[in-house]
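When the chains are written out, they are named A, B, C and D in that same order, and each has its own residue count from 1.
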Amino acid sequence: MPVICPLCVRLLRMALVLLCVAGLTFGLMLASPIDPIDAYLGPQIAQASTEQREMIAARWGFDQPPLVQFGHWLGQLASGEMGWSHVYNQPVSEVIAQRFQRSLALLGLAWLLSTLLGFALGVLAGVRDQSPLDRIINSYAYITAATPAFWLAMLGLLLFSVTLGWTPVCCAGPSGSLSDDLGLATRLHHLALPVATLTLLSTAPITLHTRARMRELMASPVATQAFAQGAGRWEVAWRHGARHACLPAITLACASLGELFGGVMLIEQVFAYPGLGRATVEAALRSDVPLLMAIALFTALLVSLGNATADGLYRLIDPRLRRQG
Amino acid sequence: MLQIDDLSLQLPYYASWWRRQWAEVLAGVSLDVRPGEVHAVIGASGAGKSLLAHALMGLLPAPHRQAGHLTFKGQPLTAARQRQLRGRELALIPQSLSALDPLVRSQRQVRWAAQRAGHTAARAPHTANQALAHYQLDERAQQAFPHQLSGGMARRVLTAMAHVSSAQLVIADEPSVGLDPQQRDRVLNALAALAREGKAVLLISHDLRHALPIAQRVTIMRQGRCLETAPAAAFEGDGHALTTRYAQALWRALPDNHFTSPVTQPAPHVA
Amino acid sequence: MSQPRLSALLSTALAGLLLASALIAAAGLGDTPRQMHFDARLTPPNLDFWFGTDALGRDVAARTLAGLTLSFWVGSLAALFGTLIALGMALTAMLGPRWDALVSLVIDTLLSVPHLLLLLMIAFALGGGTHAVIIAVALSHWPSLARVLRAELLHLRQAPYVQISQALGKSRGFIVRHHWIPQVLPHCLVGALLLFPHAVLHEAALSFLGVGLSAEQPAIGVLLGESMRHVSGGDWWLGVFPGAGLLLMVLCIQRLGETLRRAWAAR
Amino acid sequence: MPTALRTKPRLRSVSILAGLSVLCLLSASPATAKETLTLAIGGEPEQGFDPLIGWGQYGHPLFQSTLLTQGEDFSPRAALATDWSLSDDRRTWQLTLRDDVRFADGTPLTAEDVAYTFNAAAEAGGRADLSALKHAEAVNEHRVSLTLHAPRITFIDQLYSLGIVPAANRDNGYDEGYGRKPLGSGPYRLVEWQEGEQLIVERNPYFTGPTPPFERLVFLFTGEDTTLRAAQAGEVDIASVPPALDDAYPETMQRLVMQSIDNRGILFPTVPDRGESASNGAPIGNDVTADPAIRYAINRALDRDTLVEVALNGHGRAAFGPADGLPWSRPNETLDAPDLERAAAILDDAGWQRSNDGLREKDGQPARFRLSYPSGDITRQWLAEASAEMLRPLGIDMQPTRRPWRELRREAMHKDAVLFGWGSRSPQEVYTLFHSRHAGDGYFNSGFYANDTVDNHLDAAQAAASVEQANRHWRNAQWDGDTGYGARGDAAWAWLVNLDHVYAADACLDVGELGIAPHGHGWPITANLLDWRWTCP
């Protein structure tokens, strides 16, 4: 029996998981008691006659039984078509592509900064164990882990945008300017506060795990041996600590994509930043089923890829695992 | 070379969740190590041998109380001097093989040891390769990761690390544990070679029989106390040359002394 | 008495005290969170309204306390249900390889969807409101704990003393009751304590997004959502105090959980 | 009659053009210093600017132009169509188009485009309801005829609000992506739409009407809070102001109050409780409110001006009908001041005797019923609680109950009195609210109101030959001397307040004469966008 390469098994497994995600989203959306057509019509409820409502339901395919709808959606997906978003009246793939581009800047920057900052703080706290610095970093991590994301965003807004006026009050670009003549500087200026808030919020887990691993290493025989050879604490932290501590950091960083996307959804809501996060909230609240399923699949894929890269990197760095392949 | 006078050490432990108490692990240890000599310190596990080694190197865990004084080459061995001499004058061959960083190739770890001992970054690789070759570690072993080395080879890498530092005082903590006889002799002979080069070697072990061939003097330790320091020659026949009963009992208990031992009486307590 | 241990005990006592006082004070509130003082609308913090008043003249301090209690109960119920579901799923995973595969598939599915998105969908599917939030938080938080419990149970199954009692012919029920449950219980407790702050924060997020508790209930998420409108109007106290209250409560819960976990490990 | 109709509009349109051009010359020199106007009036159409699925339903689709427009007195005015007539059997509209209208890409706009627009809109399944249209066809280059299934005067609303799009079969004609790159003959054309953020438009060079005052418009689609911050930073020229944030807006910005028929009222079930239930299982009927005397007394006892003060903190006016101030509702329906004695007398005559605890009773039935209102809307909560307070001295126990929309629809909508919000610039709403045909149909006529005379008036209005005739019938339906749905007739509703839409605008912006706004707070203010002027240099 040919050995099924472990990679194919993983891919099959991922496909199965994504299918379940689609089914789960579909089931949840249909179970909702709120009538999507009411939400869609809004103030026009007075004018729309019942024939009009039936026509809208037919156009969205809500009149067919659920299973047929799901089968229809799967058929479309097989042919690469993601369906039509009725909230944005655009192909779903276009909505995601257009809005993820904006969210990517926020997500990517925040992810990178939070990983680096988290790792650095973790190493720092680990090296200067039991020192005041360690206590400060530790309490900082616990406090940010307990802070509601949107509240911190609001505080940032209140302090930096409203009182100090350093950062703009909202959106991805100044009002009245065309998006293609937005310089990198203005884009970053608008991204500054959201990215800062999101970074602060997501450093906590990485800091705590790195710190734990660093403390464990600093007390290990490897460190003692290095000290015995006359190495200073910083040299041990750099040469041995960093290598050991980055193992949990990597797995956590890659696994935190899901949590980070949740943060992005909240931050975009507070900063009125028009990205995929806000589109997701909008799609969920107005039960735009095709768009929401596509977003759920897209983010689930992102998370699964994140976990896969984490495993891959883990094997790469830790030679003990490399031999077993 | 090294003079230890009345060294005693106390470490904390938690009797119950919130009450902390101090336990005495070393009490009044006094011994000295002369250059060119292998001084073996023999004791059962838990006698505080490793702690003695760490005390000498100044690597004890933070909350500890230490009394007594150490002198090295005539001057007192204070914590600052220890920090300064570690890796240069004082070298430690650790007990556990996990002292080797599992994520770094052995050749590189030895090179780091050389750099820490003062060799310039350029010369360090050369000295490292030379030391590894000296301990018959081939190219493949040099590039291998610690978990790919056998016990003996790993032990030799650790010894190479000490060798690279050209230290005057080498402390070997249980170097022969867990090795097959052939590897064990190889490691002990390497230590004897170091002594012959004029270095002072403090061999800490629980294996009296194999320490004797290379040791000039032997100190017996029990529950943190130094019972007796005797020349290696005293360990022959039925051990009558040994002053303390425990040392005699220990000697007679060895297999090649056909296990005779005055098993009935408990070991006398030193006043 | 060592210094670090003392400070740990002190902070735990303080956390417990704060939490208890908040809950007791809120119980004594009665109707004050709903009373509207039309003459004192949007007043900054002063002597009779410690945290100031909101756009409808309601005392922000009373509403914050009521909101904290609400969040506390929603969080604890959600954590409780979450842990029970996790335990249940972990046990079903033990029934057989097929069950195990099914359970781990469900766990992977739920864990691969971003947390808040899953929460939003479940809460929306239940039509919003308190029960929707509790169920949503419970349903979206149990997988990570279930994974830990499953690993623990798998490990337990191979444990020698379990196999011995099996060999002695003890019934499966006996084994589950006497060996598995007592062994797994500490993990459940720790899991629930870890889950609790998460549940409270997510309940606030859901209410903020408008799917959680309905606008009349003084949930912290609702308070913060409402205060969003006044951020630039200069009425800073509407958002700062409820958020700070929530942060303090979550910190207290974390501290209590941490100490319990350490005490359990040290036992 | 129809022929006379045809000549008059042509004369009138010529005179308007002459007047406007003079005005332009006068004000051309000093006023156009300001090039870009920034508006933060919300209402972003996530679906894009596609009239076929509902963009511009409030009457001015900005990118496209409509066949007709509504003057201040709500009578039809020429726009794309210079003259229009309704056939004798009231089923076919004949319209003649101007021949000089061009799309923003320079190509001419013909009857072919108009016919395509109406036919496509009928099947588009969007927010625009053209279910009444049977078929539209182009008679020749500049004449188009629209045939309806049945006579329906309110179809004229689509002539006011449906923007004309290029037919699909011509080059850069209508396609799926039209919403994001609208091509129309309206005053402005799209420059860029950053979705979720802002819309930038500039003058359409081919626009035949008066040249728009501003070269470029920027519409900000930001939340209430962000808009307030932008206004405080002086980045916004005009912004829609929610009542609660009125005093946070800077004093330097002038407050523009646009009256609206965005109203709130209490709907009474007008049938007693006979144990029946509607199609979705909701119980029908309420014995207390079925008695007209109760409804008259409540209408008489409510103090609407205090409601405006408490609930809208002054931003509103009393409401006595579904469309106060519009030509299809009676102007003299207003009740001057609340009159508790008169209300008490009505109840006494009808046999509602006061029992000892002050609550009135009539053959065993206490005057107690629930007033349900949807949760999540603070204004409705205040209105319900305040009006309940006002009825307590009268001896009527109206209990305000908050319910989520879903629960309201499933249980309370036909059994309790319900606090609803309506208001539309089309009489079609009056038809759906009071015609017995729509009893129990979704949100329409959920009180099961049925009055044959009113039904006849409503049907006569739909089949009227012209808007003026129709308005007479609509007014009769409200009160025709002896019956009607209004306060003097069956008083099926107790209308409470009309919300005022408040806008904060830069002191230099002169927005001219604001009309009456429908339900939405935002886009409707741009109805007279072309008359706006920037007064200071």
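Everything below uses one rule, namely that contacts are C-beta pairs under 8 Å (C-beta built on N, C-alpha and C of every residue); 3 or more make two chains touch, one makes a residue touch a chain.
Quantities reported herein were computed from a predicted structural model and do not represent experimental measurements.
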Exercise. Without chain D in the mix, what are the joined groups of chains?
Worked result: one piece
For this session: Would you mind checking which chain's mean C-alpha position lies nearest the centre of all protein C-alpha atoms?
Result: A
For this session: By the contact definition above, name the pair with the higher C-beta contact count: A-D or A-B.
Result: A-D
Exercise. If you average the Cα atoms per chain, which one ends up farthest from chain D?
Worked result: B
For this session: List the centre-to-centre spacing of chain C and chain D in whole Å, with centres computed as mean CA coordinates.
Result: 46
Exercise. Once you find the CA centre of chain B and the CA centre of chain D, what distance in Å lies between them?
Worked result: 94
Seminar exercise, completed: Cα centre of chain A to Cα centre of chain B, whole Å, reads 53
For this session: Please set out, as single numbers or ranges, the residues of chain A touching at least two other chains.
Result: 33-34, 130, 161-162, 169
Exercise. Which residues belonging to chain C are in contact with no fewer than two other chains?
Worked result: 127, 228, 231-232, 234
Problem set entry | Residues of chain A defined as touching chain D within the complex | 33-34, 38, 40-41, 43-53, 55-56, 58-59, 86-90, 98-99, 161-162, 169-173, 175-176, 178-179, 272, 274-275, 278-279, 282
For this session: Going by the contact rule at the top, pick out the chain B residues touching chain A in the complex.
Result: 54, 57, 59, 61-62, 83, 85-88, 90-92, 94, 96, 98-104, 112-113, 116-117, 145, 147-148, 158, 161, 165
Exercise. Which positions of chain A touch chain C when the two form their complex?
Worked result: 13, 16-18, 20-21, 24-25, 27-29, 31-34, 130, 142-143, 145-151, 154-155, 157-158, 161-162, 169, 257-259, 261-263, 265-266, 269-270, 280-281, 284-285, 287, 292, 295-296, 299-300, 303-304
Exercise. Across the complex, what residues on chain D touch chain C?
Worked result: 223-226, 228-229, 232, 242, 244-245, 248, 375-376, 378, 381, 402, 404, 406
Seminar exercise, completed: Contacts from chain A onto chain B in the complex sit at residues 130, 219-222, 224-231, 235, 239-240, 243-244, 317-320, 323
